[in-house]
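Letters A, B, C and D name the chains as they come in the text, with residue numbers starting at 1 for each one.
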């Protein structure tokens, strides 16, 4: 089993939380997730910075992903220093003090049937 | 916070804007997007060149992404030097004078329920 | 024809098997797949380790992908040392003794119409 | 405009052409595509080799992508040396004599509403 895999800086250029949803909360709520894996033996201290089209960057949002754990961060739930606006284009940079791996996923339930997208983030 | 992340040349080999749509415009209009993040302290001057299966390349389309901003470029909206044809295979190369990150997304609403795809573009 | 392409360690940071499904089994059952290609002339001995948000890693799951073959591993079917829990966030690291290529796909049929996502895994 | 971008060997580990479809042919037929961009000033001679789970590799399929053109290859249409079986797991390696970029897309219309997936292929 590897002791630390990944990189310390990741970029998700596509960000957008649809403002409405169909179906049972919270599973079917339209949401965006940054899935972070910390396979190292050390806790990872993560800082997320959000970028917008028409205002200054917001952040850092601080999250700890314990050693040997994964954490699927819902952007919908971020609220310190500010909640993430809905129906708004954004992008994010995710920094970590130990190597991690980041994958980006969106569930869009604006219509009655859901749609999904996912991609590994860009390792900067 | 990093001062400049990414690359200066990106490729999206898959391009296709569906010619019809269901649902409320403009959110639910079938569209393709190049989500560009410029996390540098300098404005990014972007040039997009489109490639087709049966005609010469078209471009460059010129876009400025300000310092510390993201811009989600809808290919549907490009019109200088020419609009992007619908229901037509294309590909694109995106050049920048400062490092940026590019992610490609399509929303397809040809049927009553939308479908999504996304991938980080190829850093050339 | 190349004799061996890829890497020996891959990461899928996003993992989630939806707990319910619509449609004909097994094709339309909600599932996650790690598609592994072994284009080398030697059998690949694969070890998959699963990471969770609230418990220790589980594994290795052991799989052999023969020389010059692809194997689309359904996480739903893994059961030794333990089945993969449904409706639970996880991540996975996939190690091989010869270079392989790994792509991650999910089919989500919780609603009556399916949704798909896919991305090449992260080559660590 | 760059004169040649990309790589000469690409891998798509996930392959699967659904055996049935809903909707208007050929746009809504379930299909898999390798979108290839040749941004070089020289024609690209492409060889595609298919890998299966239970039989020897098949190929090469030969395709020419002209200089400064994109070609979206439908796996459904490949038939020399043999058609691609439906409802069957496969993988593919795409070789070129000049650098190209490859992106993989599937449209799945087995149910009445389509689903999409896409990812940049793995540059080997």
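Before moving on, here are some points about what is shown:
By definition in this document, a contact is a pair of C-beta atoms (placed from the backbone, for glycine too) under 8 Å apart; a residue touches a chain by one contact, two chains touch by 3 or more.
The structure displayed is predicted, hence computed values, not measured ones.
A centroid comparison over C-alpha atoms places A as the chain most distant from chain D. Of all residue numbers seen at the chain C-chain D contact, under half occur in both copies; the interface is built from largely non-matching residues.
Chain C and chain D have centres, each the mean of its CA atoms, that are 21 Å apart.
Averaging Cα coordinates per chain places chain A and chain D 30 Å apart. Across the assembly, chain B contributes residues 112-113, 115-120 that each touch 2 or more other chains. If you check the complex, the residues on chain B that touch chain D are 9, 11-16, 47, 49, 51-54, 56-57, 59-60, 87, 89-91, 93, 95, 104, 106, 108, 110-113, 115-122, 124. Listed in rising order, the residues of chain C touching chain D in the complex are 1-2, 5-6, 23, 27-28, 33, 35-37, 39, 68-72, 101-103, 105, 112-120, 123.
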